[in-house]
Amino acid sequence: MAKSITVDDLDIYYGDFLAVQGVNMTIKARSVTAFIGPSGCGKSTMLRSLNRMHEVIPGARVEGKVMVDGQSLYDNAVDPVAVRRQIGMVFQRPNPFPTMSIYENVLAGNRLNAKKMKKAEADEIVERSLKGANLWNEVKDRLGKPGMGLSGGQQQRLCIARAIAVEPQVLLMDEPCSALDPISTSAIEDLIHELKSDYTIVIVTHNMQQAARVSDETGFFNLKAAGQPGQLVEFNNTQKMFANPDNESTEAYISGRFG
Amino acid sequence: MSTTLKPAPVSVASIPLTHGHLPRGAEILVGVVAAAAAGLFPLLLGWGLVAWVIVSVILFIVGLTVWSAIVETRRSATDRMVTALVWTAFGIALVPLVSLLWTVVSKGVPAINSTFLSYSAFRTSLDQPIGIYHAIVGTLVITLCAVVISVPIGIFAAIYLVEYGKGNRLARGITFLVDVMTGIPSIVAGLFAFSMFTAFFGAGYRAGIGGAVALSLLMIPIVVRSTEEMLRLVPDDLREAAYALGTPKWRTITKVVLRTSLGGIITGVTLATARIIGETAPLLLIAGLTTRTNVNPFEGFMTTLPVFIYSQFQKGTAADFELAWGTALVLVIIVLLLNIVARVIGKIFAPKTGR
Amino acid sequence: MATLAGVFIFLTIEGVPGFFQEEQFYKGAGNFWGYVDHLLFGTVLAATIALIVAVPLAFGIALVVSHYAPKWIAGPVAYVIDLLAAVPSVVFGLWGINLFAPKMVPIYDWLNAHLGWLPFFEGPVNPVGTTILTAGLVLAIMILPIITAISREVFTQTPVLHEEAALALGATRWEMIRLAVFPYAKSGMVSAVMLGLGRALGETMAVAMVLSGGGGISFNLIASSNPTSIAANIASQYKENTPGTLHVLIATGLVLFLVTFLVNFAARWIVAGNDRKMAR
């Protein structure tokens, strides 16, 4: 079920402003791909254009192609709703729905598609998703409690459970640990390792050590120059990237000389 | 843990990204068809324009939903239906509101001429032109009195609530009372002023000041509310900075807190004024009705613009209505100006952010 | 802050005698309750009509402005709505009697002809359109901007985070609104409605101008004999000036005050309860 993504000469705009220019890459199935780079270079924008969340912002649009297993995401006939249904997303700050219980939060996506779900079926989805997110043992006794009552790290794992409950093919993570403490972060990183066997995962991170720890491949984004659009500088195997990058500026960034 | 993860059913993977899709411009197509189909009714049955529009809209919504449900999914059908309904609600609601504004302007403009604003409605001779001078004066005097009464009370109450009474019982009680006062019907405020003045000055006492008291009763809660909000926006850092310099509390409040929130407070007061200037009911009871100009709020009847509109309406001839429309236009313009002034003040005094 | 207590005390002092006046002051009704009950009925009926019509429309407009319309429409419309919220009620009344009521007569004729079997549209149709239905509709138009302004505010305050969470799960726009916007805005929506209700109950001038009251309790919405509302009754009767009538009027004012007080109280209670739930 996990799928690969091919990005072909993608330009991303906010209105007239060109944010990211000329991206080409192939994201492999069942692997973790990390996007790194300094602030404001278009990593998150790039990520959001992979499941058409980018166009939610008024005036935002893209030019170029994003192909998921040969199917172009930006074809006229493609329904963005169906795209997002299959390419799940986890955000920077945990965002469980405040009025829903833990149980209902996990099922939120499934409820959209199937109004009537058998209780047993629903229970099974909740248990499977929460186990998948390594949260089951912590919350199994209080599934009826509001999701907002959990700690930040637990909330983030609840959001991951919510995203995998609809069984997406790809999971996008936008700095999923930046609002969390080190212990929660390491729990999420462990989780990413486990999820890799079933999902294609793309993660944006500010933290280079994190990228080195969790990812198989890494894309380094940078601005061409101040005021210029962001671009993909280097896309490479993570080990190679951190040991012996092809590009000078990648090396400068990784060794901490800027950014 | 990953061992507990059952592989998801294979069927999921085969969900296509595409499904049936209405062609671009489907809305327009359905709209034209609906309008044409509905057009049969007026032709055949002789219905009017209104009926035609209503039937078109209904056909449009039903048509689009059904088509979408057949070609697309049930979910996009719901989405399309709600979108259509929401826009319809928008359209329906705009009709009377636009009609109202248009009527006030189109009927009001002809009534306004050089004598309209400068003469009172009191005729000394039969051919003398009449105007609304007395009502403008009355409005200004009564509103001014109301502002003078309510602004100090409102601001002090708000300062107490925010700066001194944080969370204590009295403060909570006051907040509750202010909330309740926001909901007082204007006529009840009028009755209050009326019965109070009756109790103090005997039956039949009517003067502008009574109206001002009634209006300030309506105005105080608005002022308290908006001032409170503004004072709460002042960051505690600023207060602490002042305390750290050894400034006493009352000086901190006057020099730092009030100065920072001044713009917001003035905006709030202006909006509250705009709100009460159009009040009719309480003034009808207590300020009385006269055709002469009266500048003394403590003695004699006093007419304001809204009350004048009402009295013209009661007289009921076409000429009276013309005056009423003219007055309505003047009143709406005053309210509009106050709103714009409030916005401009808000902009000017807004805390400078960034560069 | 003694003011509110003051209001209550004065109204009670002046109003209580109104409960026990001689029969002549009650216009044929035997006692105070016989006098006030149809006024209360009229008040509630007009306000109910207004709410039924205004609430869905107001939420619709608010949604259009906050989530559907492009910015260049939403901005000016929001401004016009705010402005309309400030238009004095007497102007609405003038518009209602002069323009709106006559326009409604053919519609009432049609309703009577086609739906006359419903008790609401029994007729005979009021030839000038000054019916309780007209009054209710004018009230609806009046409270529309207020409800819209408040609910628009809460809709736009929905955290983008929650909206994106819903969209990223593959929700359509409407599903996103149901999933993220409504739960978040619920308490604000309730208080907007309650505020509108309070306005509609206490509104005086528009009703006094549009409605030709004087009838008893009746659900017939389009006939000539309508119950009038408490506030409008005060405005039209106050001139009679005899102490007896005045006491009665003030007593009705007291009743109105209590009703609006209850509505407001209920609104705050609901909102507070909801906030507590969100905070947990």
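Lettered A, B and C in written order, each chain numbered from 1.
By definition in this document, a contact is a pair of C-beta atoms (placed from the backbone, for glycine too) under 8 Å apart; a residue touches a chain by one contact, two chains touch by 3 or more.
In this text the structure is predicted, and so the values were computed from the model without any measurement.
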| item | value |
| --- | --- |
| Centre-most chain, if every chain is reduced to its averaged C-alpha atoms | B |
| Pair exhibiting more inter-chain C-beta contacts, B-C or A-B | B-C |
| Chain whose mean Cα position lies farthest from chain C | A |
| Centre-to-centre distance between chain C and chain A (centres being mean Cα positions), rounded to whole Å | 48 |
| Distance from chain C to chain B - Cα centre to Cα centre, in angstrom | 14 |
| Rounded Å distance between chain A and chain B, as computed from the means of their C-alpha atoms | 45 |
| Residues of chain A touching at least two other chains | 81-83, 85-86, 112-113 |
| Chain B residues counted as touching two or more neighbouring chains | 75-76 |
| Where chain C touches two or more other chains, by residue | 172, 175 |
| Of chain C, residues touching chain B in the complex | 1, 3-4, 6-7, 10-11, 13-15, 56-61, 63-64, 68, 80-84, 86-95, 97-100, 106-107, 141, 144-145, 148, 172-175, 177, 195, 198, 201-205, 208-209, 231, 234-235, 238, 241, 243, 249-250, 253, 256-257, 260-261, 263-265, 268 |
| In the complex, chain C residues that touch chain A | 70-71, 159, 161-172, 175, 179-180, 183-184, 186, 277-278, 280 |
| Sites on chain A touched by chain C in the complex | 51, 53, 56, 58, 81-86, 88-89, 91, 93, 95-100, 108-109, 112-113, 146, 148-149, 159, 162-163, 166 |
| Residues on chain B engaged by chain C in the complex (per definition of touch) | 48, 50, 75-76, 78-79, 82-83, 85-90, 92-94, 96-97, 99-101, 103-104, 107, 157, 173-174, 176-177, 179-189, 191-192, 194-196, 198-199, 203-204, 217, 220, 271, 274-275, 277-281, 284-285, 306, 309-310, 313, 321, 324-325, 328, 331-332, 335-336, 339 |
| Parts of chain B lying in touch with chain A, wherever the complex brings them together | 1-2, 4-10, 12-13, 15-19, 21, 24, 75-76 |
